[in-house]
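Multiple structures are listed underneath, in structure tokens.
After this come two complexes, each holding subunit A, first together with subunit B and then together with subunit C.
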Partner chain A sequence: MEQTNNSRIWNLIGLGLVIIFFLVAAIPMVWKSFTQSLPTDSKEITIRFAHWQLEGGVRRAFDLAAAEYTKLHPNIRVEQLAIPDKIYVNWLITQLIGGTAPDIVQMGKGMSDERTTRYFLPTSALSTKPNPYNKGTTLENTPLRETFIDDMESVFSTTLLDHYGVPLSAFTLRMYYNLDLLQEITGSTELPATYGQFATLLKQTTEFSQKTKKRLYHIAASGDNAPSLIDKVFRSQTGKLGDGLAYDFLPSTRPPAAHLGMAFANGEWDFNEPSMRAAVTLLRHLGSHLQPGFMQVSRDDAMFNFIQGNALMMPGGSWDYSSISAQADFPVGVGMIPTPLPDEDSRWPFSEGIISDESTNASVVMAVTKESRHSEIAQDFLLFLCSLATNEMWAQESGWLPAVRSAKIGSESQSFMPNLNGFTGGFSPGFSGADTKRVVQTSIGLAVNPNGSVDKFTNHLNSEFRNALASDLERNAIAAKINSQRADTVSLALYVLSQNGDASAADKLAIQLEGMSATDRGYQLGLQAIKLLK
Partner chain B sequence: MSAPISPKKALAEWKLYLFLVPSLILILLFSYYPAISAIYHSFFRWNGGESKEFIGFQNYAQIFNDKIFLQSFLTIGILIVANLLKLIPSIIMAVFIHRLSSTKFQYWYRVLLVLPMVVPGLVTLFIWKFFFNPNLGALNYFMEFSGLKTLLVHLDQFFGWGGIFLNDFPISWLGEPQLIVPSLIIWGFPWIGAVGVLMFIAGLQSIGTEIYEAADLDGIGPIGKFIYIEFPLIITQIRVIVVLMMIGTLQSFGMQFLLLGENGGPGGAGMVPGLWMFNRAFIAGEFGYACALGLCLFVVILGLTFINNKFLRVEK
Partner chain C sequence: MILRKQSAPLLPWLSSACPCNVFASFLLVFALFPASSLHSESPLSEKNQTPWRNASVFLFNDAYAGFVKNADSADPMNRLGQAATLLNTQPRTSQNIAAAQEILLDLSQNPSPHSTLSKLSRFLLARIEENYLTPPQLGEAKSRYLEIVKDKTGIPLLELSASRLVALTTFAKDKPSENLAALAALEPLAGFLTTPEGTREFHLAMGLAILENEGDPNLVLSHLIKADKIGFRRKENVIHNWLVIARLSEKIGNKNLATEYYQRFINNFPNDPKTFGIQHRLTNLTKNGAN
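Moving on, here comes the complex of A and B:
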């Protein structure tokens, strides 16, 4: 009997603990959801925004901007969610589909036209009016669109014919170098300007490494930063090839995928093309000086090698500067990534010259989600972020380039200013989408590994590229078809409005029809290319 | 065999079944609804958004022409065979612990085995990624230090492996297509899985001491005891572990994703069905096709589990 009582007491204690823990977990959650659903004018409102920029300076800059915004609007709190880029796409798609996305998210990864229209609010209406937060500045009366360095081209969808989001920064690709080490090796503090001189520097580095018995990598690289470098290498050699192909330009600085795909399907180019082989030869030369096994190395590991003084150089974007300069205990130099010049070396007859940063668009695009319960406040916060004063502060704090015209930049950011002199370059093979990118990236070892060769890479690409291209073009064609169907309804509405005397609708209709015609051309060409490829 | 309960008797206290309702709702919501949704979406061309186009069995037909998906089964097949062999150290470890005469030591060994289980799997993966790092990784230091690298270089030259091991270059474990599957097999060395060992110990502990005494009287040695007594009596546990391992290996892609990225590394050599499914859904945006791949994978797992249960029987 006593045993039964004891057991009952223990059971009651167990049950009591379960109830207590359940209440401890449940009450705050119920309270939180209850307070968040209260009318907005009486309570504090929280705006959440998500991005994948984990760099310390950027997060700090966002925090400062959020704090400044709260000073202006004491009942609004802004929270940032920094999501690692490796999982950002999965996270974002899950949040969007599940209807739990934050008020503002960074666009770029995992976006498609359908997701853009379905989940994001367009900013075209805002783009024609001045930004109220620019009051008292030189941009006071300037329409929002014209306050950006690229006139919001980077956030304009040529297929959806609307602006989505606002940019906060601009990215350029540069070569970081250990200034002390470079001086020790060459006596100079500047990176060579030509590829020939660069090749000499690589030789000198090998000799220095042997002489000092110091294990020194010429260029620290990773699977994250190498693709940009590879892209530049291909573009430096395929400009003339691209110019010779028959394609129309869509509103873009590079040949569109369907046109390049059609040219490939027609046999106008393949990987035996001399300029392609020249690009792979250049890739092999440059790749042999990147740290071994770089495609398996993470960005952090590559940066670690550079910061520890184990590598002379490291390719990276302007986004890397704040992290590198904060951690390196040596002066960090920033130079252009050298590509061969036409008159420099007869080995590179396909080079046109310096590849410019002309195609550099503004980046770090933030957009308001349609699910946002406070979409007007979220849009207001975006306007605050891209105002002259805030963007300037944000850029200086993060060490990144600003996206807003006239924003002052620190002296350290000068090296990252886009170089607009030179050629736009050609194309790189991963141009059409996920599958061609996959084929190229998984084959890089065939070109750059010690046991690889130009032939191994080009033969492999010649056999694998066709199917990958067909698969990408098929996906692009389906997307184009959906876009056209969606645009039909919008065009009809614009047509009715223009017939009723709405001049702006007539203008928009003209742009819409031009865009639809380009999309349709691309769609038709894509279908033809798929037929030829299969 | 007990007689079946009549429906009248089973429903006599029907209110008691209401206690099952919360669990049932949760299972339906979180287990069955996603599965049914996946079956439904596998008949559509769907990119995860609102609009989708019914295409019948087109996604399933596409699977048969999907070279990468079919090849990924070869990779996963190799990994399953390797994982089967990797069960041996766990069995040996369980037998060693079981045979320890001191129960105190037995206890502490079990504790030592369980302790690493508190380390999140992701941390283990990161540690192994660091081991494989060609420039800083412990594996290459060990290969250099032990002279194994020199041996591999000679073997490479002798057998003509194509220069995957070179004197002046660190071994690129995850950078060479030929080394990726071996690296995935090396992963987890010395392959002693805590769950497996604990399950085997539980099985071994059910063996009565009188059986060992009888074996001693018959003059059976330690290896004989394992072959004739211990192994047959833990076959139930081995079967459970094999089924779980096969399901886990076929479904898994986290290790490959973290070590090699979404494309399965150089040459796509580390591509497994789960990773390809992930790649199609989140990289290519072909959610409908990924659902069809998932269902195909489900059928394969079901088939293998059935075969396993049918042929790996325990003789009572």
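Moving on, here comes the complex of A and C:
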């Protein structure tokens, strides 16, 4: 009997505990459910955005912008997810396919037309209206598109005919240098402005290294940054070459790959062309002062050499500045990459002048995902990010260039401002795609190694280039054909929708028709070039 | 005929810089709605709107699945949708292309060979013959394009048939002189074109085709200037056309025309990376005369 009573008491205690735990679990849920039914203003909402910019300063700049946004909208919290770039593509695709992507993601890596249109909201509708966060500034009445340095061209998809995302920054290529070392070697704190003076600096550095018995690289380079340097070297010497070609239809513009291919096939240029030889001579001089084996060196290793004080200079993008200046224990200088000027001396008769930062497009593009549960708030946060005041703050904090026109930049970023007062330059041998780039990059040793020579490099390219060029143009032609085929279905669909009263489809169709002709023309030119090359 | 309010221009600098292009833009949009409306002939059902919308944003597999789900043999717009999306459904197979051809051949005759639907079907058939079959059937494609141009469809998309004919002729022969003769035979096609877009694309294609074959520069300029007067929407196309006109004028010693078009580029695109070089070229042109 007593045992039965004890058992009943324990059962009651157990039941009581169950009820208590139930209430503990249920009350917050009921409370949450109650609060969620309140008007939007009092709901706490979290917006997440993902990017791969792990460079120093950038994450802090994003955090500051997020905090400023929360000050304006206390019920909205903004969290950033910084994903290493090596895994970004796989991570992003998994998230997109799984329906778990953040509200905003950085575009650029792993994107295709299909992914873009399937998973992201276009920003074309926003682009024609002023940014509300620019109220009270000089951009108050300016349509969003025109507030960016490139009129949002970098986020306009010429195939999808829509804008996707907004850009936050812009990048340029510069030469970083160890200011203390430079001063020790030359007594100056500035990099030389002309190539002749730069050549003297390289010589002085060799002498300094020998005298001090310090192993010092003139320029820390890697397979990551050297191709841009090589490209600039060639462009500085081949600007005038285009003028002599039969297919020179576009002044101050690099001829299309198919035209250059046709001219090469017709024997109008090859690597014995004087301007090409001048470019290779320049490459040999500059390349012989790069870190040995640079094409096999990783970006991190080159940067490590520079930061450790083992190299006087290192070419790099403006995106590297915050990381380099944070890690180097010496003052870091930033200068232009020098190329020969026409009146410098008679050695460089093919130089036109200073080569501009011609391809400075806005970048760090952020876009709202279609899966976002708070897409309107996410878009609003994007508008906040790319407003004049926030982009200015973001740029100053990150040390990167702003993407918004008239945004003031810090004194440290002045050296990275795009220089458009220069020539666009000519073309480099990797103009047509992966195969010509491969031929140049794998044979670069013939130009820059001590036992190499201008002749060895040019002879090699003359024998290998034709097949590589044909292979690239074939690939380009296939791509153009696929684009042309896709345009058939898209343009018909736009026409059908426009006939059904869809004004946006009518607008897109008007643009699509121009694109179709251009794609088809490119395809025909490519086929002709391949025919001539084979 | 459907009229609509003109939306904000995609490239506002164009209309603000070149008043002539405001009118041109209006014409372009207006011309998308020809007298014989597809909508009145073959209205688009509610359930087929989503697949067409998917097709317009490159979601071809989704679009095709949508058309198949709503399949109705009595609905020609559904069948046209199936055919159009079969062309780009992945994986692209010869069976899909053949199935699309079969549907389009039927639609080109039914309900009437004069209907807009029939003309659209014939255009897609020509595209298949030109761009999808291995080997391509260029002769058949050319005949269809020519037939469509002569139909005076008044539909910009279909009037691209004229520029397709030019493209197929540009490098058809080995000798440039033979290509130029064949291109000259296409000049009368301009008389069949009634939309600004079709006309512009034809003149642009002709100008560049003659240029590629090293034909009469003045004839090239005449075509390109006609295209320019109609106007382009895409900035890159505006720039391309202006600079080709300027460069060619410079080459043949037409200093005034070269100056006009270089100056036009500089005025409209002061922040373009090419502007510095163009300004330099213009200065030399003014100083030294044309070369």
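Just so we're on the same page, the second predicted complex is superposed on the first by the 312 of 534 C-alpha atoms of A that agree within 3 Å, B and C clash if a C-alpha of one lies under 4 Å from a C-alpha of the other, contacts with A are read in each partner's own complex, and residues count from 1 in each chain.
We take it that a residue touches a chain if its C-beta (ideal position, glycine included) is under 8 Å from a C-beta of that chain, and two chains touch if they have at least 3 such contacts.
Predicted model, so just to flag it, every value in this text is computed and none were measured.
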{"item": "First (subunit B), second (subunit C), both or neither touched by A:435", "value": "first"}
{"item": "Comparison of subunit B and subunit C by subunit A residues contacted", "value": "C"}
{"item": "Partner chain in contact with A:374 - subunit B first, subunit C second, else both or neither", "value": "neither"}
{"item": "Partner chain in contact with A:466 - subunit B first, subunit C second, else both or neither", "value": "neither"}
{"item": "Touched partner set for A:77, first subunit B, second subunit C, both or neither", "value": "neither"}
{"item": "Partner chain in contact with A:277 - subunit B first, subunit C second, else both or neither", "value": "neither"}
{"item": "Contacts of A:114 with subunit B and subunit C, given as first, second, both or neither", "value": "both"}
{"item": "Intersection of subunit A interface sets (partners subunit B, subunit C)", "value": "114, 118"}
{"item": "Subunit B residues touching subunit A - in the complex, by the definition given at the top", "value": "45, 47-51, 67, 129, 132-136, 162-164, 166, 169-170, 172-177, 259-261, 263-268, 279, 282-286"}
{"item": "Subunit B contact footprint on subunit A (complex, rising order)", "value": "89-90, 93, 97, 110, 112, 114-115, 118, 217, 223, 291-298, 301, 304-305, 310, 433-435, 438, 441-446, 449-451, 467, 471, 475, 478-479, 482"}
{"item": "Of subunit C, residues touching subunit A in the complex", "value": "2, 4-5, 7-8, 10, 12-13, 28-29, 32-33, 37-39, 44, 49, 52-53, 55-60, 63, 77, 80-81, 84-85, 87-88, 92, 120, 124, 127, 131-132, 155-157, 160, 163-164, 167-168, 170-171, 197, 201, 204-205, 208, 211-212, 214, 232-235, 237, 240, 243-244, 246-248, 250, 271, 273-278, 280-281"}
{"item": "Subunit A to subunit C touching residues, read off their complex", "value": "113-114, 117-118, 128, 143, 146, 149, 151, 153, 158-160, 246-253, 352-353, 356-360, 420-424, 481, 484-486, 488-501, 503-511, 513-518, 520-521, 524-525, 527-528, 531"}
